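Structures follow.
Two complexes follow with subunit A in common, the first pairing it with subunit B and the second with subunit C.
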Partner chain A sequence: MNNIKLAWKNLWRNRRRTLITAASVFFAVFFALFFRSLQLGSYDHMYKNAIESYSGYLQIQQEDWWNDKTIDNSFRYTDSLNERILDDKNVTGTIPRFESFALASSGPNTKGVMVLGIDPEKEQRLSKVKDKKVKFLLTAKAVEKICEDENLPQKTRDMADKVEGNAYSTVDRFLSDLSLDPGRRDEFLPILESYAGFQNGAIQKGEPGAWIGSGLSDYMELDIGDTLVLISQGYHGTTAAGKYEVKGLIKQPTPELDNKVVYLPVDIARQLFNADGMLTSIALDLKNTDDKAIRETSIRLSKVIPGSTRMIDWREMNEIMIQQMEADNKSGMIMIGILYLVIAFGVFGTVLMMTAERKREFGVLVAIGMQKTKLASIISLEMLYIGLLGILGGMLVGAIGITIGVSNPIVFKGEMALIFEEYGMEPKLVFAGVGTYFLWQSFIVGLMVLISIVHPVRKILGLEVVNALRA
Partner chain B sequence: MKRNSFLMQLLLIVLSFNLNGQEPTAKQIIEKADDKFTGEKSSVSVMSMTIVRPAWERTVEFKSWTEGSEKSLTLITGPASEKGQSFLKRGNEMWSWNPSISRLIKLPPSMMSQGWMGSDYSNDDILKESSIVRDYHHKIVGEETLEGRLCYKIRLEAKENAAVIWGHQVRWIDKEDFIFLKAEMYDVEGYLIRTELAGDVQLMDGRKIPTRIELIPEEEEGHKTILKIREIRFNEDIPDSFFSQQNMKRVRS
Partner chain C sequence: MKVLEIKEVHKIYNSSEVKVHAVNGISIDFEEGEFAAIVGPSGSGKTTLLNMIGGLDNPTEGKILVNNTDLSTLKSSDLIDFRMKNIGFVFQSYNLIPVLTAKENVEFIMNLQKRSKKERNERTMELLNAVGLGERAESRPAKLSGGQQQRVAVARALASKPKFILADEPTANLDSKSTETLLEIMEELNREEKITFIFSTHDNRVVKKARRVVTIEDGKVISDETR
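So, the complex of A and B:
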C-alpha cells in the first residue's frame, strides 16, 4: 500500500518529466488507433460500397458465367424458380439481372457500353439505381445563369465555373461543390434548382427506354428524349440491335462505370439479345448477412436451383478487391509497426534519462537503508502509472475523435474529389467505430512500457551505492 | 496462204492434243478449279448456314447476289428475328443495314476478325482480296480418293510478299470435274488452323458444284459452320445500281 502511494507521489515530484513520458505513450496509442480506424473504416466502406452498390452478398449464376461473361452462359428464369428461392427463410428478395456489352451509337458518336437489364423496383433493394438519378446538371447554360445571378454568394458563382459539366445525384454534394453554406440551403437551393435542376423519366417493363450514365450522356451528346442505338451479338450468335429513348441520366460514383453504363428494363434487354426468359444472374437480398448465414443460405439454395447454375458469394465476386485490401492491410500494419518502433525508442529514451537523472537519488535512498527490491518495485509502479495514464488518455481521446469521425466522415470536394473518383473510389475517408482493435493497440503499447521497465529495475538491483552517490 | 492456215490448224490440233495428253500443271489445276467459283460473271443464290456449337446450333437463311469478286449483296431471310438485315460488299469495304434500328453501318476494321452472323466465317474471309492463283506457289504432292472421287492433292505455298493470312494450304481437287473437295489452311508457323470440306456435288444451273461446305476451325472443339447452297443461277444481268446502299434498304427476296 505504501509503495503505491509513494510511487504516485514520486510521479508528481517532477511533473514535467512524468508528463513528457506519459505524452509519448499517449501519442503512440492515439495515432495507432487513429490510423487503424481510418484503415479499417475504408476497407469496410469499400466492401459495403462494392457489395451493397451492386453485387450483393450472394448471387445465383449460370456455372460458367463468372469466368466467361458471354450471354450464352445465361440461364432460364421461371416464376417457379423465383418462388423456390424466395421460400428460403433468409432471402427477402430476388433481383433479376441481364448483363452484356454492346456498341452504342448516336449520330456520329459510338462507344462500347455495358448494358444492364434490371428491374428498377427490385433493384431498389440493392443498388438503388433510382436514388442515383441525376438531380442537378451544371450545363454551360446553367453555369452562365448562376454566374450572372448577383443574389448568389460570390464564392458559389466562382465555383460554378470550375465544376461545369458535372452531374449530381445528391443535394449535399451539389451544394458542397458549389461552396454553399448548408445553413443557407433553404434560401439558395430553389434558385439553383431553377437553373440546374434536372428531371428524369422512368424506365419500365415493355417500354424501350434507357437510363444512361451521366458521363456517357456527356460523351455521346445524348439528352433526355434522344435515341440511343445499341448493336451487339445476341444469344447464340444472333444479331442484336435495338433503339431506345433516353429517359434519364444516372450518376454513378465511379467514372469508369459512369462513362459506359446503360440501364434497360430487364425484359427489353432480353429482347435486344434475343434471349427471352433468360438471366445472367440473380442477386439476393438477405435478411442476415454475416458469414455463417450467407454460407448456410448458399448451401440450402444450391439444392433448389437448376443444375446448370451455382451460388456465388461476395468473397468470390470481389476476390481482387479483397486481395488488394489484404495487401494494403499488411502494409498498414508495417506502417503501424514502424510507428510503434519509433515510439518504443521514445519511451525507452525517456526512461533511460530518468534513470540516469535519478541515479544519485537512488543511491541516497539505498544508503539510508531502503531495500533495493522495494525501490525497484516503486519505480516499476511509477512506470506502470505513466503507461496507464498515457494509454487510457490515448484511448479516451482516440475514442472521442473516432466517434466524431464516424458520424462526420472526411468528404473531399472539387479537385481532390476528382482524384479519388479517378481511382474508382468515393471521395470520402470513413472511420471505423470503436472496436476490438482498441484493445490490441493498447495491449501492444502496454507491452512496450513493461519492457522498458526492465532497464531501471536492473540498474537499481545492480546499484553500487558509492558510485551512485558520486553521480 | 491456204497452206499456212492449214499448218496453223494442224499445229493447234497437235498442241491441244499434247495438252490433253499431258498432266496439267498444279497451277493450271488450281486455275481451273478457281474458275468454277469465280469465273462466272454473276450469280444469284439461296443458301442456308448452320452454326454448330457444343451446346447449341442454329440456322441462318439468306439470299445472295454477286457480280465478279468485287460486288455482292446479301439479304438475311430467316430466322424471323434477323430477317431483313442486308450486307453490301463493294471492293474491300462492307456495310450492314439493320431494319430494326434503321441504321446503315460500315464495318470498322476492328470487326473484321469477328464471325459473320456469329459463324466461323470472319468478315475478313468474305472480304479478302487474295487469289489462290496469284498469291501462291503451287505443287502437286500426291493423289488421294475423297468421297469416291480421285483427287489431286496440291500444296499452295504463300508467296513472300503476298497479302495472305495463311502460311500454306493443302487442297484436294477432283480430277474429273476440277472441284475443290477439301482444303486445309495452315498459319505461318505451320499449324493447322481450319479445315474446309465440300460435298454433295450436284448439277446446279448446268454446272457441277459442291452444295455443302463445312468449315471446321481447329482450335475450338465442337465448333463448325455448314453452308448449304439451295439454289443458284449464274450469269444473270444485275444492274450496277443493285449493289448500292439505297438498294440495301429496299431489297426483298
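So, the complex of A and C:
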C-alpha cells in the first residue's frame, strides 16, 4: 500500500474530525471568495455607475475647469474640433456638455441644482439618459388605487404603502419593490401601469424644456408641465435666468445626482448662461475602455485639442470615490484576514489534537520499521487531502454561487432599498465574476494548511519512540 | 548461534531529583530459536530492557549486539531499517493500524521492505493461516476480538522474517482461552520458523510455556533458568 492510499484511508478513520477540518477550510475559502466577489463586484458597479451616469471614461475640458468649475473656464466648441476628435481610432462619438450650477425655484421651494446641458441623442451613447426616464411613479393617488384594487395580490397591495413616492425607470425594479411574482407579470403589469405608469415628454435642441431628477422633483414638488425657474451667474459675470417647463423625470441610479440634476438641451443651457458656442466638457464614447487604450487615446488626443484644453480620464474625475473604495478594499482585506486567522487557528487546533491523539500510533509505526520521513510524508498528505477537499469544495461551491450571483445581483427593495439610497448607494449588491482573486484566496488558504503541516512533521521527525509508545 | 548479546547494560533515568537505575549491569545472551520469558515485578526493568534490545531506547552504558551488530553504532534512520529487517514487535495493546485489514496490517512491513506483490500475498496468507486467521484476512481490527488482534500482531511481527520477536506483555489484555491459543501459535512458529521469541511478562501462563526464564529485579538478573 503506497503512502497516497494509506493517507487517504487514514483520513476516514476519524470521519468527523476530517469533515470538521475540511469544512473549516471549505467555509474559509467559500466566504473569502463570496465576500471578495461581492466587494469587487460592488466596486466595479460603482465605477460603472459613476462613469456611465456622468463622467464617461475620458473627457476634454478647459484646463482649469476640473479644479474651478465656473463657466468662465469653458472652451469654444467647433465643428473642426469635433472632426479632429472623431478622427481618432478609439473614439466613436463625442458627447458635448455644458455644465453649471443654479438656484432652482418652484413655488415656495428652492434648491441648488446641477444644470447639465446635453445633446439627448448623443447622450444615448454614454449616460443613456433616455433609458433612465421614469416609467412608474408611486404617487399617493397611485398607491391608493393599488391598495384598493382587490384583483391585485395582497402582498403587492401591502408593499405599495411602503414604497409610496418612489420612481422607477425599470419595470423589474418596480415589480420587485411591489413584491410581484415575475411569473404573474403579464397578468398584473397592465393594471399597475394604469395606476402608476408615467409619461415623459422629450427635450430637444432649440426647444426650452427640462428633464429633472426624480429626487429633485419630489423635493421641489414638481410634476410634468410645471415650470422650473433657474437663476445663476452667466458667462463672464452676466446674469443667468430662465424658466423651463418640466418635460420629464429622470431616475438616476446615484441618489446624490438624482436629487440635484436638471437636464437642458445643450444650446438652451448655453443661452441660459449666455455662453453661445461654449462647452465645459466633451465626454468621449470609446471603442476600447481598458486602461491602456484610454491612456493611449488620451495621449493622441492631447496633440489635437486646443492648448487651453486638456484630457482628463475617469480615474482623475472620480478620485475621491477611488480613494474611498481603496480604503474600503483595505478594510475588506483586513476582515478577510481576520476570517483567515480564525480558520487558521481552527485548523491548527485540529492538527494539534490529531498529532497528540496519534502519538502512540506514530511510535508504533516507527518501532516496526517505518522511517520518520515516510511517516511525516503520509501525515502531510493527509493534511493536504483535507486542505484540497476544503479548498476545491469551497472553490466549486463558490464558483457556482458567484456565477449565479453575477447574473442575479441582490437587489434590495422597499425600506432596505431606501436605507441604501439614504447612504447614496444604489440598493444593489453585484458580484464580480470568477477571476484571479479566486486563485489568490485559495492560495492563501492552501498556504495556511501547508503551515499547519509543519507541526506534525516536526513532532514526527523529533519523535522519541519509547515516549510515544507510552502515550 | 547467538542472535542477541547484552553486555553490561545500564539504563539510568535522570528525573528532577533522583536518579533511577532501571537496568543495572545486565549481561545475557540469547541463542537462535529460544522461547524465553523475562519476568519480574512491575518496575523491575523488564520493559526498559526490552526497549533497549529492540533499539527503541539507548543504554546509558554497555552494548547490545544483534547478529553481531552493535545497535549503538547505527544512525537513527539505519536503526529503523535494522529494526524492520531483524526485529519483530508484539505490543501489549496490539497496536494494529485501524484503517487497514488484517491482511494489509501483516503486509505493511513487507511493503516498507518493497517486496513483490506476489511474495507479499503469499507470505501474508501463510502467516494469517498460521495464526488461524486466514478467513478473517479482510477484516479490520475493530471487527476482531482482542485475541484475534494479537494474533494478527504476531503475524505482522513475523512478516519481515526477523531474527527475533520481542513481545511486551502480549497476553496482558487477553482471556485464558485467547492466551492459550496465542501461546500455542507462537510456540509452533518458534519451532517451525526457528524464530527467537523473547517475552516480558508476569503472566504465569506465559512463564509455564517458556523454555528459558530470566528473572529480573531492581534492574539486575537474579536468575536465569533454562528448562
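Rule of thumb we're sticking to: the second predicted complex is superposed on the first by the 470 of 471 C-alpha atoms of A that agree within 3 Å, B and C clash if a C-alpha of one lies under 4 Å from a C-alpha of the other, contacts with A are read in each partner's own complex, and residues count from 1 in each chain.
One rule holds for everything that comes next: a residue touches a chain if its C-beta (ideal position, glycine included) is under 8 Å from a C-beta of that chain, and two chains touch if they have at least 3 such contacts.
Nothing here was measured: the structure is a model prediction, and the numbers come from that model.
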item: Fit or clash between subunit C and subunit B when superposed on subunit A; value: fit
item: Touching partner for A:Val434 - first (subunit B), second (subunit C), both, neither; value: neither
item: Partner chain in contact with A:Val465 - subunit B first, subunit C second, else both or neither; value: second
item: Touching partner for A:Leu384 - first (subunit B), second (subunit C), both, neither; value: neither
item: Partner chain in contact with A:Ile305 - subunit B first, subunit C second, else both or neither; value: neither
item: A:Cys147 touches, of subunit B and subunit C: first, second, both or neither?; value: neither
item: Superposed arrangement, angle subtended at the Cα centre of subunit A by subunit B and subunit C, nearest 10 degrees; value: 140
item: Which of subunit B and subunit C A:His236 touches, first, second, both or neither; value: first
item: Partner chain in contact with A:Met321 - subunit B first, subunit C second, else both or neither; value: neither
item: Per-residue contact with subunit A, leading partner among subunit C and subunit B; value: C
item: Nearest-approach distance, in Å, of subunit C Cα atoms to those of subunit B in the combined model; value: 85
item: Overlap of subunit C and subunit B interfaces on subunit A (superposed complexes); value: none
item: Subunit B-touching residues of subunit A, taken from the complex the two chains share; value: 72, 105, 229, 231, 233, 236-239, 241-243, 274
item: Contacting residues of subunit B [partner subunit A, same complex]; value: 51, 53, 55-56, 58, 81-82, 85, 98, 100-103, 105, 115, 117-119
item: Of subunit C, residues touching subunit A in the complex; value: 51, 54, 56-57, 76-77, 80-81, 83-85, 88-89, 91, 95, 97-100, 104, 107-109, 111-113, 156-157, 160
item: Subunit A to subunit C touching residues, read off their complex; value: 1-2, 6, 9-10, 12-13, 360-361, 364-374, 465-466, 469
